[in-house]
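Listed below are the structures to be examined.
The same chain A turns up in both complexes below, where it pairs with chain B and then with chain C.
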Partner chain A sequence: MEKFSLCGDLCLCALCVKKMNHPLCNATEHALSRRQWLGGMGGAAAAGALGGLISPASGEVLKKKEKQVLFIWLDGGMSQLESWDPKPNTQFGGPFRSIPTNLPGVHVSELMPRMAKKMDKICLVRGICTKDNSHSRGVGRIQRGDPKNRGVIYPYIGSAIAKLMGPTASGLPPYVWVKPGSGGFKPTDAGFLGPKYGALAFGDGQPPPNFIRPKSLSVEQDAARNELRRALNLNYAKPRRKANTEANSFVFDSADALLARSDIFDTTKYPRKEKERYGEHLLGEHMLIGRKLLEAGCRFVKVNSYGWDTHGDNFNGSTSLVGRFDQALAAVLEDLEATGRLDHTLVIAMSEFGRTPRINGHAGRDHWPEAWSIAMTGCGLNRGVVLGETNAKGTFVKGDAWDIGHLFHTWFHALGINSHDIEFDNGGQPLPIAHDDMGVIPGAIA
Partner chain B sequence: MADAKKQLEPKQLQELKAERQLLCTRFSPDGTHLIAGGMDGNVHRWYEAEVVMEKKEKTKDGEKTVTEKKIEWQPLSAMNGHHAWVGTLGFHPKAKQIFTGDSWGQLRCTDYEGENPKEHWNIKNAHDGWLRQLAVNRNHLVTVGCDGAVRVWSHSGKRVAEWKGAEEVFAVAIQPDGKRVVFGDVKGVVRVWDFAAKKIEREFTLEGFYKLARIQDVCGLTRLVFLDGGKTLLAVGCAPTDGGTMQGIPTLDWLNYATGKSKHRYQFGVENDAFITDVAEHPDGYLLCGTSGVTGRGTTFFVRPGEKESFYSNTKIANIHALALHPDNRRFLLTSTNRGSNGNGRRLDKEGNYIGNYSPVHVMELPA
Partner chain C sequence: MIIGLCLGALQVGAGEALHLRVDKLIAAKAGKQPLAGTASDAEFLRRVYLDFTGRIPTAKVARKYFSDKSKTKSAKLIDQLFAGPLWAETMAERFHVMLMERRGEDEEWRKWLANSFAKNKPWDVMVREMVAPDFLNEAKRGAGFFLTKRLEKYGQNPTDYPGLTRDVGRMFMGVDLQCAQCHRHLTVKDYKQVDFQGLYSALSNVRLQRTNETIRVAWASEGLLKRKMEFGSVFSETKKATGPRVPFGEEIAIPVFEKGKEWVVKADRKKKITGVPAFSPLREIALRIVMPDNPFFARNIANRAWFLMMGRGLVEPLDLAHSKNPPSHPELLNLLAQELVAHKLDLKWLFHELALTQTYQRNSVLPKGGDAPRHLFVAAKERPIAAEALLLSMLLATGEKERVAKLEEEDEHSLKNFEDLFQSTFANAPREPELAVNATLKAALFLRNNESLLWLVKPREGNLVDRLAKLKEPEKIADEVFMNVLSRTPSASERAMVKSYLKKQSNRDRALGDLVWALLSSTEFYVNH
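For the complex of A and B:
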């Protein structure tokens, strides 16, 4: 049985890098406190830049066809009935029409005209049935794969992939998260794996404040300052828990790796046509940044959209929500395919649950884990398939239903990780990487 | 104060039940029929009937049977022929016909009386997708849709004029002299269109009727209504504060129609109250309003133009989708959704079927 440990998988060897000595930089506005090390400055690791099309490191990633993941998270719960699994002209079908797709016999909501032309690229699972209908538990439960309770907190899928696959040859942080709102380092995603495997979040698609070296600070001054930090950090780390100090170092080392790619975050320099194609809205912009992070070589990129919890005014809301998701998803798939990246990038688009067939009094839909859909494509998956189905009214799954554990097995297998044989090693405690009673969704793996 | 409120308290005369949820609901111009568009793609109908009731009264000789006449709304068969949601309807100004529009873009004209009403015409693709609202006057029928189009039709279904813009159009009204059409889009932009001259004469933006919440366009505008013979344009809806579980403050804005400037703005309640979904103007000069909010909130309130407070309100009826005044100006209706309509759980009936919601229609009467 293969086991993974916390050793050098993620080590970017920055601690060993010799850099020229230099007096301490006194620029107070750039001073780094130890508190910052332990807090949000962790997020600093991510600023990068896509100078030109593909960096040497990225080129290496492409050459090696290293497997990557784009995980699109629609927080709050997208309605399956207004997207992937429409039931027009039925009791709970809502006001919208369905439209045919380029996959014969398969229809999606009229709110997804762009994806309707790409369904031959998609592995759509319509038979999802999960267990939790609350956000507070549901988000974690879904992103951790809802394994059997063994008294430990499991990692989110991004942290699990960071652990199991490590960074690509680019050396960039393996788990990054483009999201609205605050950014920083999010160690809690990692669960028992330890904070090093947490997410590096780019709040509002931007690196944390003061991350990019200002022009007033020379390269030499910056190097000297980093040297001092490393020395202090080593001293600080000696009596402390390795997992935490590793995470601290990791953040700064990742920052080094990303520094050369800071142009990723300067969306003002993105070509106008590209921005229009993805949509000039938050999700479009973040999806575009996400694609560039994949191109730069990040192993697992999560792109997050909030505001999908449409208990009220679901149908008016879905018009813009689903429409903008459709635009951004279609654009990123088009680009991943055009560059050949789709063959080695697993793309997943999902929420923590679907929405109730029943339409409430405020024209909303509530939480519904009983029968919903997830779309995925790319690396290792069959394309142009629809797996599972719901009944005529869309209320429950008809036939085989799949839980998030099945999806975790499927994703791991798509990435070449045998989820039945490989286990996490939690300080000697072997732990399955996906629910031990579940397996791959039949028909999903190519 | 409590006594004053009691004196204003409307009385419920009857509660009609439709098995499915209803959207727009109106009395016919002659007051004999009550018509509602449903989420089931049907047009539901009731007619006013005089019901003779018998009851026994005690007399000195024993008992006698007395008869009592009562007006009741009796159901007629629902009319099918639409798909998806029938969200808007209007009456022909001369014939006993209705125009109905649905969320798949179909526009129909049918009779509304009798057991088998005749369809006069239908246009399957009057709009590409959701036909949001229609307005009727003595010469024309105007429709607006999510396709950003505004179309003027003759009463026989012939297209007379068209304007097409980029944004989804939500509300429409015809100027009282019939010469111009006024419509408002998702972002609260109101345009005054001289459709004969094929010209947008002017436009103005309703303040606070739109919000971009993350990536969601939240439209606050539900209706546009002409008052004072056309001097005032009333914008109805809400000032949205958030998307997702949409929230906003129910809002009425009395605009000087000539300038587009607000003369008076009235906001009712709190963010959870969300939309004023429908209004009716009473000849005594006040407005009857119904709201629908989260979770299961609904208020009926009456307010006079220019006043800072409503003079009557109650929260007895949840999630009001439609409100209409009967031609007798005493009766009015409130179409709602059943209480307890929200919830994440799987509610099943005894046979294990998943339970949907339905719409009661409350026929109310204003105090004398």
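For the complex of A and C:
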């Protein structure tokens, strides 16, 4: 990495405080250009795997349990009072009871019977206090970790991980997004990192355009023509700089890797029992697809659920929404644990904010960033802990409160990324990867 | 003979052609690093065709060129392409991609670009027409698209005046002042907040106007600039102010007019008359940007021309010229800029000289001594092929260009549909410069599975696969397919590969289609090398 010629004498900012040894950057232009290439997928890979070339090391990489992320985004704002932080029989408590969990002394809403039996697997943060109470800004702000304003658009967490960690040895795109609605290559999540770190979205759980092999093309024919393409490429590649050919091979092989897992997108073939366990609703189905994408080797999988903005009829709404979430989350945790994946998979479930304790005239709850909860687990986080608390009425955080910046530091550290030392390099401008005045939440990391 | 040589050796310096002086400076900097040899006929031919006609050569052109034994054929070919009808169109295409960064298309703009290059309009005139457009002049108003497109709102964002300011700096002076908007630039000492704000004061005074009866394009008007732009750094309390000012230049005084004289045409809302102020900051800025005393102007375009030809700027990034980021070859950039000014900003002359350099004509195969840092230019760099050129090349290679051009726009395989497909697959997102070869998963999936793309490699009367099917010997097939797609003859091992592939496949038509597909999907085809 090039040295920054930072201000030095005119140091006005925290930008200059940091050291410049960037363990993720590579000095040679070769590596940089390969990184560019590998990353250049519009939805996106960074450096890491070498397509087409099985180097002796890559077997080892495969065996090594690579760290991955499952990011569950409940768009609109889940009510903490109807889920992780119930306050029954209080002014704002609402109609639902709370139930004991397998963690002594910890109760959750009765809408979460399955997760109640799994609280020993969760790192629950009840002392969340963030700043933005509008969706249009909150959604982006929270997923960007709300860093200090430096005049640039920060990447969403998925793009940041794609940049910082790259694809796994699977060669699959590092940032994928299972969501209702439209799919395709979504470059804007990447902010200043550039479109190559954007998301590959599986809209309605379906693969991107041109994913399906045309009927007229058999598997054998496809393999044969690709074999020919590879062989012919070698003649050109041999006496030249490697970067472009490697990158070209990488994206073709990445397409292969994805195509080889087209089974993931055919949910009609999923075992009935498995589907029932995750729940026969969109969130359940998408969570199941998400789990398969993790197993296939995607670095960061975002599973998106919409419709959580319960300004009206919050209690009926929450009954169905939280119920589905409870089922899908419990199922995916069970599977990740059973396969040992939870130890190297960071799981995060959250919204852009919580909901108001005050119940409005439409039996709804409005936006409330002041005091809400986020559940997370896996990948070196402490399990069976509850961090922070809200006051008796659930209106504000009592004691230590944590902002999204603290959570970003915590997640990065859980993934082995020292967020105090590592910075993004935005064309020479060093930018902290998480809010520079915040740090890891005490007690979160084992 | 000997006398001639001596004379040649004495001619170092002013009298010598620019391309020779360029090569000397490149060789001097490379020092002991071995340089790659001259590109093969095939590589050179493909490169100049892509650069100056926006497409690969046809097999016919290639065969004719390879059979020409004249020693001056490369220079002759360059002359011929520079005089040809496609030169201006191709330059227009390449400048469109560079200047607009995929923000969108506009017919008048493309016409203006093509006409400007066809007439070999000097670069300073072109820049003045873009920065201070004359929307009443039909021949020139297309240039205004540079401004008007950037004044359009996108999404829910307000008009991006800071972005426009940034782009005027980037495109015409090679300086990205974005980070100096709110305070002095934190990593570039030369860029002060006033450099941004001075340009911003002129550009934020511009308003986008709708088409009307006289001006049938989106256009822009200027407001009455009475006061200096006030600004302050977010790091301090001090307030400053500046009038319009070209970065690093002198402030332009805002004239004071007698009452009533400040407008040439007075605005009248009721009559829907847009005012024309007597003082046009845009015109003043445009005039001063291109003045010889603004060294950034000629150096920027010299650097960008170099980048377009060599795949890497002498200053990198292209838009970060400042004293702590010197060019890789300072003397060379000085020379290019000076000579360009001496030649009245004649871009055709500059591109022609650059095309004649050994540096441009080098092989992309690495020299025997191995690779050296990229900025030494020891071998030709692989460069991206823009979506439009890639499409034209694929249509030519597969022998489908004429058929596709004749189809109605609604037809699934019409040129328009192919253009849309290729742009959405291979072009970058809006506002994202296309600087390097970019392999994407999207493109790989497109090449592998897109039905329209695969349609090109199905046998159809007169197309490449059809012609291949009529050949008997596999060697002839190999020769024909390589010449049409890769513009070269295959090596012995490649011929053998083709032969064994065809032998293994039972369905001959399919196998031939796949053979064409494999070459179209290769790195060799995908890059300009």
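Observations on the model:
Rule of thumb we're sticking to: the second predicted complex is superposed on the first by the 344 of 446 C-alpha atoms of A that agree within 3 Å, B and C clash if a C-alpha of one lies under 4 Å from a C-alpha of the other, contacts with A are read in each partner's own complex, and residues count from 1 in each chain.
Everything that follows uses one rule, which is that contacts are C-beta pairs under 8 Å (C-beta built on N, C-alpha and C of every residue); 3 or more make two chains touch, one makes a residue touch a chain.
All values derive from a computational prediction rather than experimental measurement.
Of the two partner chains, chain C is the only one touched by A:224; chain B is not.
Of the two partner chains, chain C is the only one that A:250 touches; chain B does not reach it.
Greater residue coverage of chain A by touch, when chain B is weighed against chain C, goes to C. In the superposition on chain A, no contact is made by A:270 with either chain B or chain C. Using the contact criterion defined above for the overlaid structures, shared-chain residue A:97 touches chain B, although it does not reach chain C.
Of all residues in chain C, those touching chain A in their complex are 156, 178-179, 181-184, 186-187, 235, 317, 320, 324, 364-366, 371, 373-374, 379, 382, 428-429, 432, 436-446, 448-451, 454, 491, 493-494, 497, 501, 504-505, 510, 514-515, 517-519, 521-524, 526-527, 529. The residues of chain B lying in touch with chain A in their complex are 20-21, 39-41, 83-85, 87, 103-104, 129-130, 146, 168, 213-219, 243-247, 274-275, 292-298, 318-319, 336-338, 341-347, 354-357. Note for the complex: chain A touches chain B at residues 76, 88-89, 91-97, 110, 133-134, 180, 281-283, 305-313, 316-317, 319-321, 324-325, 356-364, 366-368, 370, 393, 395-396. Within the complex formed with chain C, the chain A residues making contact are 4-7, 10, 12-13, 15-16, 29, 33, 36-37, 40-45, 136, 151, 173, 185, 187, 194-196, 200, 208-214, 216-217, 221-222, 224-226, 228-229, 231-233, 235-237, 239-241, 244-245, 247-248, 250-252, 254-255, 258, 427-429.
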